[in-house]
Amino acid sequence: MAIVLEARGLNKSFGAVTAAEDINVGVEGDSIVGLIGSNGAGKTTFVNMVTGYLKPSSGSIVFGARDITPLAPRQITRLGICRSFQVPQLFNTLSAYENLLVGVGIVASGGSKWADASRHAGTPGETVDSILERFNLTGYRDKPAGALPEGVRKLLDIAMAMAVKPKILLLDEPTSGVSADEKFELMDMVMEAVRAQQVTVLFVEHDMDIVNRYTHRVLAFYEGRIIADGEPGVVLDDAEVRRYVTGEARAAGRGKHAAH
Amino acid sequence: MKRDLTVSILIGALIVLLLAGPLLPRWAMFLINVSLCYGLVVLGMMLLMRTGLVSFGHGLYYCLGAYAAGTLDVLFGISDIAVMLLAAIAATGAVSTLLALLLRKYRDIFFAMLSLAFSMILYGLLVKTSALGSSDGFNVAAKTLFGVRIAGTEFERYLIFAITVVTAFVAAICIHWYRGSHRGRLAEAIRDNELRVEYMGASVANTVHINYVMSAVLAGLGGALAAISVGHIDPEMAYWTTSGEFVFVAILAGTGNVLAPFLGAFIFETIRSFAYEYSPNTWQMALGISMLIVIMFLPGGLWSLFTRMRKTA
Amino acid sequence: MSQLLAVLIDGLIYSSWLFIIAVGLTLIYGVMKILNIAHGSLYALGAYSAASLAGYWINQGHAPMGSYAVMLVAAILVGLIAGPVIERGLLRFMYGKDEIVLVLVTYAVFLILEDFVKLVWGVDPYFLYQPYSLLGSFDIADLTYPNYNLVLFAAAVLIGVVVAWVLTRTRQGKMLLAVIHDREMSAAMGINVGRVYFITFTVGAILGALGGALTAPMISVQPGIGAETIVLAFAVVVIGGLGSLPGAALAAILVGLVRSAAVHYRPELDLFSIYFVMAIVLIVRPKGLFSIPEARKI
Amino acid sequence: MNGIYSRPLKAVAAMLAGAALTIVCTSGHAQDKPIRIGLVTFLSGPAAGPFGVPAKIAAEAIVDSLNAGKVPAPYNAKGFAGTPLELTIIDEAGGATKQVTELRNLVERQNVDFVVGYISSGDCLAVAPVAEELKKITVLFDCGTPRVFEDASYKYVFRTRSHATMDAVAGAMYLLESRPATQNFGGINQNYAWGQDSWADFTAVMATLKPDAKITTSQMPKFGAGQYGPEISALLQSNSDVIHSSLWGGDLEAFMLQGTPRGLFARSQLILVAGEPYLHRLPGNIPDGTIVGARGPNGVFAQKSPLNDWLRQIYKERADVYPNYPAYSVALAFLGLKAAYEKARLTNAAPATEEIIKAFEYLSFDSPAGKVMMKLGKGHQAVTGTAYGSTLAVDGQVTIGNIKYYPLERVQPPEGVKSIDWIKSGMKPGKW
């Protein structure tokens, strides 16, 4: 499969703290990539740089043939890179239906500016209802987003990212704040939706079972660097990963920090 | 469903007002007339508020519209209502388009105060301009409508009233339609979460800009019509207390529906005028208390009364 | 030369006054996020009660020097009564509402108090001019200034220092700052936010009343003084950066000097000098001179 | 279900209650069809204390006295020709737009028979055309701007006080008579129409009467500024022989309080165009020799007469100070209206508006401030002489000394000549 998204020598530092150090990675179309690493390892920073929320100190990000490093989130979204958020970013006073309608409306009125000119089939209203259907949110259709339970908010947050027809979808900890028994259900739903639209997915995840089960490939972050990259099985067995990311990572990790 | 209802109410109101106008006592007709002028400005405020912005300086456009209409006569001897309204639209449209380049970056209290600063600067400029009567302002007399003389005729008042009614109606319909549109819906999305709007590929800045200009033009129309109806304009229209009143009415009315601003303006004008009449010494207190009551018991503004009643029906 | 000196002195005196009327406003905003229009009414109440009480004191033939103490007491009394009444009786039911709604609530209070003042004191002005000239005067740059101006200046500095000291050095102050930075967190840490609000508003009210009391000797205390003052105080607070004490101080100095310069060099511009300053500062620094940046976690 | 809208209903109820709570009905109950007069005057804001409320007190005292038939001849008939009067009072605060609305309400909702009112020139300009449209006799009692009748002419609108031109003219004359050596002069006036016009007129008059006198500085503080430190310094440094000021109300008082201890008035001769109402309030803060006017032969300038004694007495009874010029202005309005009404009454038992207007035009009537003649604006604008004097403190009280009276032909432009043109063309006394 061809590389659709490529990061070239990304660096990012906040003052003394290094959040990204010489990150080089290419992502193939239709692949599903897990980003793992302890807190502060640079996963979210990577997502934020790809989606334009943060500008890298150096290096570039290429989408298709285009350098999107200087672009704003809006422009990047219009090119087809979409994201969900660790803390769901919803329109709290609007109903679930309206939340999605905003997104669908943007696409509908976006015109040729959209990379994917092909409109949603049917009227915006129908489209929204079908999305609600797919994410099993129909029951919450007319409830204000602010009043929904956390798990539902996460789901709606992801659904909204899907509503603007992405080619690449970045999910920031989709299952955080979701109860253990709901996690797989949620991921199944997302993956189904993703497959239906052939979207490339990168998602940040702490739960290794989720990673194992849904990804083709895993990137392990540690202190802003990618310390392992490959098949889930391989990466999760990697010694460094085991030390700094999974399992007994914590204590050792802290030791390393202290050494700095 | 709701949309249809609003539209039919609007059409009903249009017809009733146009028919009832001549039958009403003249003071009542004028009260409604002034309320509609106010309502137009408040409609603009509502548009901004739905975008999450409150301006303490909307008097700027109220006043600008009025002076654009009024100075036509002073400078070029033009006093045709149609031209006056167009002038108001042009002037407020142009100024707001420029100021929005700056203001669209501002939010909350800073947006409010920067708007206030601009309106106070206009106030200052007008007070300095003795050619335009300084703080006394000057009288405005609309003589013709599309070239047809109306000044001094029997139905002059009614014509002006009718023009105001029709303008208000058209404005309300347009805004109502706009609210239902995709871009219109963006307003509330921006109020709730600008970041997400950007991450869904829409430009917050442009939407704010467009809404700001629209609300400015509405305020300008309101000002021009007020100038024509009242027959006198002065810089007071740009003073911060005037703007404060618009905010007051907008909150009183609620942003639930395009009918709310006009209703709110009418209720406000009525309360104020009767307070003037029955308690000339304590009308401010009367206003303050009614305002507190609305804020406490009707957080959604007076309009929420109707929505709640419809829910129960 | 002597003109330039005059510009500076006049500017500083005016700045002191501006700071005094603005400090309570910025404190309340900083802690409670309420832009308190009723501050103008508290200013008026302070001026009225100072004028009537101290006036009574002097008319009773007591030592005129005592009038300063009486003014102070009057201001504190007003603050201690009006502050709690407004905060407990009204504002506390409004917390959590939108900032703009809170502004309107205080606007309503302002309207009510405007008429309240009229009902209590009538529309005829009150005078308390004795304290203004009582302290003698000093000459500089062939100009005479009553020493009372020094009192204003001293009061401004003193208030600024004391408030700053309380905020940064005392436990209560630190609590306050905690609340400013993160209300939920500090509530979780067991700080009684309601109480902090109550105290802050009362202190702010006292400062507002104090502004009025200190101004009373220089003006004719009459209806409408609150409205004129509140806009100035607003401008200063916004220019300085809402809720910032040093900001308010710097803004007061800036506005004071600009107005003074306008009066001396281009009198006709005095009318809008302050709004020019406000517009320009906000254009250059959208959140005022000293703004507290808030990061957003996504 | 009830619960859902019981709150809103409660809110409405509460709202009405809230409004009702503060409502105090001012107009008493109608006797046998009295003549209802709407009085519009400032009851709130900075103009209430010095102008609005004195006018209101005077109006109420006058109406009571008229209804009791206690007014000296020729006004001794009860009310207007025997019919009692009833007042409806409206606050003038809130700006011209609201005043237009309120005038319509007053006339069309409350059906008053006459309107007496308006202190602010802006309001006068705004309401005049409306009064015309409503065909309701409206007597402007205190606003000063000449523009009312110089820029337009009205049938139903009258003004029973002279316009402001004479304030500047007589002021400058008095100044130059008492200080012929005046080399230069500065001014401090509020930055709004009244202040700007007063200063413009005064400088124009000085340019005519004493072309070589230089202008040192023109301070234009904003209305209601309250703090005059920088202005006072600028005036001190200008070393002006004379300082002209049209400040009024709180602004004037604050200016005096702040200027006196800084020796401003020891350095410069002060002339206060509208200083009279404040004298009694500021003992010790008005330097001797300050030139003050009362915008007509009002207040302390009013010469002794039965009518003047009457007004001073009924006003003192209510306010326990003597009436200031706004009180005189309102007296002129009521007595002028009464005179016109009763003159019309001679031809018709219940005179129609038209007849009253006929009677009012070019009417001349006696007042506490002497003779008033409706000679300008096609008989709708009053003219009187005026007076200026200078202050002298007598055991703690400020009194007015060496008063000079100026006959109207010296201080007023004749019909058809605009004030400013008349001033610039050398102020030739017109024929009256």
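Order as written gives the chain letters A, B, C and D; numbering starts at 1 within each chain.
One rule holds for everything that comes next: contacts are C-beta pairs under 8 Å (C-beta built on N, C-alpha and C of every residue); 3 or more make two chains touch, one makes a residue touch a chain.
Just so we're clear, the structure is a prediction, and the values are computed from it rather than from any experiment.
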item	value
Far-end chain from subunit C, centres as C-alpha averages	A
Geometric centre: closest chain by C-alpha means	B
Chain-chain pair with the highest tally of contacting C-beta pairs	B-D
Subunit A-subunit C separation of Cα centroids, rounded to whole Å	50
Averaged-CA centre spacing for the pair subunit D and subunit B, given as whole angstrom	35
Centre-to-centre distance between subunit B and subunit A (centres being mean Cα positions), rounded to whole Å	44
Residue numbers of subunit A (touch at least two other chains)	89
Two or more partner chains touched - positions in subunit D	22, 43-44, 191
Residues of subunit B touching at least two other chains	127-128, 195, 281-285, 289, 292, 296
Interfacial residue positions of subunit D with respect to subunit B in the complex	1, 4-5, 7-8, 10-12, 14-15, 18-19, 21-26, 43-44, 88-91, 94-98, 100-102, 104-105, 107-110, 121-122, 125-126, 128-130, 133, 145, 147, 152, 191-193, 196-197, 200, 223
Subunit C partner contacts - residues on subunit D that touch it in the complex	22, 43-46, 48-49, 52-53, 191, 217-222, 224-227, 229-231, 233-234, 236-237, 249-250, 253-254, 257-258, 260-263, 281-282, 284-285
Contacting residues of subunit B [partner subunit A, same complex]	181-183, 185-186, 188-189, 191-193, 195-203
Residue ranges of subunit A touching subunit B (in the complex, touch as defined)	51, 72-74, 77-78, 82-83, 89-94, 98, 101-103, 105-110, 114, 124, 160-161, 163-164
Footprint of subunit C on subunit B - complex, ascending	54, 102, 105-106, 108-110, 112-114, 116-118, 120-121, 123-125, 127-128, 195, 240-241, 244, 247-248, 251, 281-285, 287-289, 291-292, 295-296, 299
